[in-house]
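So the structure is just underneath, and the comments pick up after that.
Labels run A, B, C and D following the written order; every chain starts at residue 1.
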Amino acid sequence: MANFKGHALPGSFFILFGLWWSVKYPLQYLSQKANKKTVRIYCFQRVDAIEGGIKIIFALIGMLAEQFVPDGPHLYLYSGENHNWVKLMNWQHTTMYLFYGLSGVVDVFTYISQVVPLGLDRLMMSVAVFVEGCLFYYHVLHRPMMDQHIHSLLLIAIFSGACSVMLEVFLRDNIVLEMFRAGVTIVQGTWFWQIGIVLFQPWGGPIWDEKDHSNIMFLTMCFFWHWAAAVAVLAVNYTLAYW
Amino acid sequence: MANFKGHALPGSFFILFGLWWSVKYPLQYLSQKANKKTVRIYCFQRVDAIEGGIKIIFALIGMLAEQFVPDGPHLYLYSGENHNWVKLMNWQHTTMYLFYGLSGVVDVFTYISQVVPLGLDRLMMSVAVFVEGCLFYYHVLHRPMMDQHIHSLLLIAIFSGACSVMLEVFLRDNIVLEMFRAGVTIVQGTWFWQIGIVLFQPWGGPIWDEKDHSNIMFLTMCFFWHWAAAVAVLAVNYTLAYW
Amino acid sequence: MANFKGHALPGSFFILFGLWWSVKYPLQYLSQKANKKTVRIYCFQRVDAIEGGIKIIFALIGMLAEQFVPDGPHLYLYSGENHNWVKLMNWQHTTMYLFYGLSGVVDVFTYISQVVPLGLDRLMMSVAVFVEGCLFYYHVLHRPMMDQHIHSLLLIAIFSGACSVMLEVFLRDNIVLEMFRAGVTIVQGTWFWQIGIVLFQPWGGPIWDEKDHSNIMFLTMCFFWHWAAAVAVLAVNYTLAYW
Amino acid sequence: MANFKGHALPGSFFILFGLWWSVKYPLQYLSQKANKKTVRIYCFQRVDAIEGGIKIIFALIGMLAEQFVPDGPHLYLYSGENHNWVKLMNWQHTTMYLFYGLSGVVDVFTYISQVVPLGLDRLMMSVAVFVEGCLFYYHVLHRPMMDQHIHSLLLIAIFSGACSVMLEVFLRDNIVLEMFRAGVTIVQGTWFWQIGIVLFQPWGGPIWDEKDHSNIMFLTMCFFWHWAAAVAVLAVNYTLAYW
């Protein structure tokens, strides 16, 4: 959905997950350090499964929203009459949500069954993030300059997230990687909001000049301010988790 | 061979290998987990050698097909009369098959002799996949837009496959990497078929408009649907292997 | 600050840190080798904390200098009157210093508290270097050719530094990586000076022809001479540390 | 030296080193496997030092040849009269040789002194290869198409070599990486010869058409034939080493 809500919805999902992880992983790390691997681990595995379930629900909400908004494709992919594809944008977003849904399914199965090899859940999450990045990349290739730039900054967050999750396949339960993932996810979420605000002015205000180079310079810098803010949020949540 | 069969043939090879791996590796992993490294390992090593043999046979079929189809080069590389190269496309495809053949030879030798260091078979396979990717990259550089795009999506599968096999040199018998390889190989195979269908319409139908941007958007998305389907196939085969 | 001082200031910071590291890490490595992990380690941890403090001070100096030089933005970001951004260059540099400051803060906290997981300080340093690289990349995208080239050589030093520090998250106290980091930091510092000298001629002299291709060829080579000189400095300091 | 000899000289150096490594490393690996780490290791360390010495000699030969050929710069870098740089090509090649020389020096010191940390020799070699790659990259940026293509294929060999040597910093004495390095070095050497033959026709013959796309297609393929040949050479030498 090329409007403000279409950016605010996934943005909120990512912020929620990022904030949640920035509390969960410090708690898990600190409790493991203190209690030396006791009952709590089982409790955290249960939390992983619930997380997977919430991912599935969020992905379903996203997919349904993309398909059945008034100007959505309503599951039609090809219009035989006009000989053209129907609302490919919405279909692409549906595909992105689909992969996050699949990642949730693998999370749940990893909890249910001992047979599923560890690391497969991280691999699937990494693939989901990577697919999102790839689709975005081709998505914005022929857009106006500022639109393209603001999305390409998002790609930095997406691909560094995909790489860090990929590393977790081999270095599971590494607190540094998990904190990094939490931070990158928060940045992704807030930047989705920023994109929505810049491109669609939900609260009115003048339209940003697409061709003004100084706007692009400001946005580049602003992206890293989001990042600095995410680091601050991580620090606060880590301290809270410690208490 | 720039026709449907020239894409369906390698596509089928990749699908066969991908499906086979998606059964073999779960079986190997689960039996190792259950029996704690017994007689079965020898059995699986034998299977690796047979696999190498089949690779050699497939590579030979591919090379012969590329050389001796009616419009092939029939082993002529340079035409002295016309002062030009003969059917370089077919020669490039022959080169690709050659490297897969070499990979098969290394597989067989790794089984026969204890002297060949472990990991060399994976390195050779990774090089073979990488060579395929490189040749494809230069192959499609000056083609029309859709043709180039549909092949560049293939490159994502090829290079992520090459990287994952490269990792297997150092992390041998890692089930997550092996499942990823199986998935990527299936995607490569089915996408070869898709390319053949889109570019050459084996069953008739209108030609795809090379310049229509929405076709490109659809193909991008379609590629990741193949990927999602491959994940589903992996899940099913893993479950079957468990039973 | 697009003048000589604006390049000499960060350049000097980097040279100081690089030289310091090229003495500290050999000392740490050799003393550990000799004394087999004794009291000295605590001493080196204290040094890490002081280092973090100096980083914070340097970052503050840099930020204040960028904001309050006569032609700086003086903390104004947007001019309501003229409807444009104020001195974005200086704001971007402020952002770079900010991240180095954050890295210093994490260094200090890692020393103060046992609760902060090891590796987080290296991750933050790596992010700081990466942010510097990203901002530079977008910074020079539309500049004249030689200006762009001379900065893009800087990017080689920056990004290889960021990667090597990222590796230190997982391979802490690896003397080879630490020496590499020291070398890359020295190169970065001396190259900042070189950029300042080439672009702003602090001691007079003819302006470099921006379009002369041979100037670009010379600068490429000159960059690697800096690198060779840094290697020599490392070798000398290592020998001194040994004595 | 932009002539046939200027390509044949470094090409021969690389082929010699590649062939030598393709014998040395299998011997080292097989003797370690058989004798279980005995006197032989010291012997191989001595060989490493001699290798370093030969590197230094080769680098000196290369540097002197580049400087003092009749049309060389004879150590003049800047011509005050004409206000231009003197023979920058030769200076760039001199820089490349310089780094290989530095790598040789580090090899020798690693042997002489126990104080030099292990891995530093591999890091320096990796940097030397990387510097060669970077200089080549900027070197050929504005050349005619075929010239650029034939050198960019060389870059594949160079950068994959640099990455593999970089890995050896952390995975020392890994036979797979060492065989890969030997193979890549042979390919680099033979490809230098190929470039010299294609661009300068040492034995006469028609000049290659720089703009003919089929020449470029052939060269791409030919590069990987060199690679296949290098694999065959490695296999033969490994077998010889075994006997």
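Here, a contact is a pair of C-beta atoms (placed from the backbone, for glycine too) under 8 Å apart; a residue touches a chain by one contact, two chains touch by 3 or more.
These are the chains along with the protein names UniProt gives them: A, B, C, D = Transmembrane protein 45B.
Treat the numbers as computed from the prediction; the structure is a model and nothing was measured.
J.: In terms of residue numbering, is the interface formed by subunit A and subunit C classified as same (over half shared) or different (under half shared)?
T.: Mostly different residues form this interface, as fewer than half of the numbers used are common to both chains.
J.: Comparing centres built from CA atoms, which chain ends up most distant from subunit D?
T.: Chain centre farthest from subunit D's centre: A.
J.: Between subunit B and subunit D, tell me the centre distance in angstrom, where each centre is the average of that chain's C-alpha atoms.
T.: One centre to the other, that is 31 Å.
J.: Distance-wise, how many Å sit between the C-alpha centres of subunit A and subunit D, to the nearest whole number?
T.: Comparing mean C-alpha positions, subunit D is 44 Å from subunit A.
J.: Would you pick out the residues of subunit A that each touch at least 2 other chains?
T.: none
J.: What's the complete list of touching chain pairs for this entry?
T.: Final set of chain pairs in contact is A-B, A-C, B-D, C-D.
J.: Using the touch definition up top, name the residues of subunit C that touch subunit D in the complex.
T.: 29-30, 156, 171, 175-176, 179-180, 213-218, 220-221, 224-225, 227-228, 231, 238, 242
J.: Of all residues in subunit B, which touch subunit D in the complex?
T.: Interface residues on the subunit B side: 84-85, 88-89, 91-92, 95, 98-99, 102, 115-117, 119-120, 123-124, 127, 131, 134-135, 138, 142, 169-170.
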